[in-house]
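Right after this note come the structures.
Look for chain A in each of the two complexes below; its partner is chain B in the first and chain C in the second.
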Partner chain A sequence: MSLAKPAMRGLLAKRLRFHLPIAFALSLVAAAAFKYGVTEPRKKAYADFYKEYDAMKEFNAMREAGIFESVRPSGE
Partner chain B sequence: MAHPAQMGFQDAATPVMEELLHFHDHALMIVYLISTMVFYIIVAMVTTELTNKYILDSQEIEIMWTALPAIILVLIAMPSIRVLYLMDEINDPHLTIKAMGHQWYWSYEYTDYENLTFDSYMTPTQDLTPGQFRLLETDHRMVVPTDAPIRVLVSAEDVLHSWAVPSLGVKMDAVPGRLNQTAFIASRAGVFYGQCSEICGANHSFMPIVVEAVPLEHFEIWTAMMMEDV
Partner chain C sequence: MLASRALVRGLQSGFWRRVSTSSGARAAHPHDVDVLDCSAPQYNNRPDTPWPDVPFVRNLSAEQKKLKEKEKGPWTQLTKEEKLAIYRLTHELSFPEMNKGSKEWMTVLGGIFYFLGFTALLVWWQRVYVYGDVPHTFSQEWVEKQTQMMIDMRVNPVQGFSNKWDYEKKQWK
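Up next, the complex of A and B:
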């Protein structure tokens, strides 16, 4: 009984054919994960903040909290 | 201001800083893409007992690792140039303030209408009241109106300083004998902190910047009050 001849050529090409697509796919997944996990939520957070932003309401809340020095709370 | 264990930028208070934030996210996404690929390839290379001693060249891989980086660079450059030109837009300021760096404090000059000038020294730690921030508070803040383009002319009276406020997306070197211009629009009211960003001597770390953005009517009341005090 003779053994099957082992593969003696094309080993690097075979390894590359296996690993390179995985490398590309993983890197695209990492980029997509960052884009949809961080970038898009951050853009949405800023858009949502300013969509309903009431400048005077926020200013008055900060004023009453006493954080400004140029404008004191209305009681003072 | 910055908070403990902070990893990213401070929250943006100007449209330009928002654009810089989003561009940074875009560039960092590309960094993660490249780093993931490189790390995976390194692991694949070191986790094999096989070697190939007979590779002399490979036109295909040379084309790949020239073309792909060129494409990636273009994808980075396009939004980068866009933000760069956005920062240089002609912006017709409503107000011009001169920020002068000294050893070791800032002075602000509001000379558009009246001659309002004051110094801004760091509040020493022992003089802080509860709730104030160590090494960041000053005795007088630079007050600006919200939603108005503000031009800041930055210079220095002695050595190099740099006027920087991260949440406004502003940093400009203060060079003696030179007027550098920067501009911003405060999108929201608030108090924004910065620190001198060019080594200027023993108390370089102790000459902070505080910008207070308030609605226009309150800004005008403040300037009138400051003129009375002066």
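Up next, the complex of A and C:
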């Protein structure tokens, strides 16, 4: 009936030695995932949108749709 | 949950007992829930108080008294059964026994869902019989005109609303 003496010291250090690298790694993974899953696609979407963006064309299309009050569609 | 209900019933019967009898605490068995003198130290099974205020068994039989006497000598002369018996004199449950889980969580979860469902019925009744009409801007006609205007205005054209509309084919992508 003699059990081994349990660990009495260094319990926090042992826990930190195990959990801190995992915590750092997971944080880095989360940051990388957000960067490459969200921000890079978003930057690319905006870049692509404005590469071929013709402001006058869009303006005229909106004007013809009749949403402006300062300029009416060209027909009127 | 059952243990707490038994405790409440024990406390209630203990209260009435105390009122009718003269002597308060019966030291016969401190874990007796029948008469609970809350002014005297009580036994408890808690992991954070490993040495409770009173031992579990207060009134020792002759045999138990002999064991306690033997405990005063060198412990190497105690057999394993005697050591366990001494432990059980001062403690009711061991740590694994007191820490073991139960299936109570299923009851709790079931109760939560049951009452959530009941609340849903009440909310539904309220929606039908208490709330007035929805504003006219929610009508089909209005929402159609509104959507068309949003498309014309190029709302969120990069990644959002107007991005999903195909301006050439005049339909949703």
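A few remarks follow.
The rule is short, and it goes like this: the second predicted complex is superposed on the first by the 74 of 76 C-alpha atoms of A that agree within 3 Å, B and C clash if a C-alpha of one lies under 4 Å from a C-alpha of the other, contacts with A are read in each partner's own complex, and residues count from 1 in each chain.
The criterion applied here is as follows: a residue touches a chain if its C-beta (ideal position, glycine included) is under 8 Å from a C-beta of that chain, and two chains touch if they have at least 3 such contacts.
A quick note: this is a predicted structure, and the numbers were derived from the prediction, not measured.
Once the two complexes are overlaid on the shared chain, A:I22 sits against chain B while remaining clear of chain C. When the two structures are aligned on the shared chain, A:R42 is found in touch with chain B and with chain C. After overlaying the two complexes on the shared chain, residue contacts for A:S70 are found with chain B alone; chain C is out of touch. Of the two partners chain B and chain C, more chain A residues are in touch with B. When the two structures are aligned on the shared chain, A:A7 is found in touch with neither chain B nor chain C. By the touch criterion defined above, A:M62 reaches both chain B and chain C. In the superposition on chain A, A:F34 contacts chain B only, with no contact to chain C. Under the contact criterion defined above, the residues of chain A that touch both chain B in one complex and chain C in the other are 42, 46, 58, 62, 67.
Of all the residues in chain A, the ones that touch chain B in their complex are 11-12, 15, 19, 22-24, 26-28, 30-31, 34-35, 38-39, 42-43, 46, 50, 53, 55-56, 58-59, 62, 67-71. Contact residues on chain C toward chain A in their complex (touch as defined above): 80, 83, 149, 152-154, 157-159, 167.
Across the complex, chain A is touched by residues 12, 18, 21-22, 25-26, 28-30, 32-34, 36-37, 40-41, 44, 48, 50, 52, 55, 140-141, 143, 146-147, 187-191, 212, 214-215, 218-219, 221-222, 225 of chain B. Note for the complex: chain A touches chain C at residues 1, 42, 45-46, 49, 58, 61-62, 65-67.
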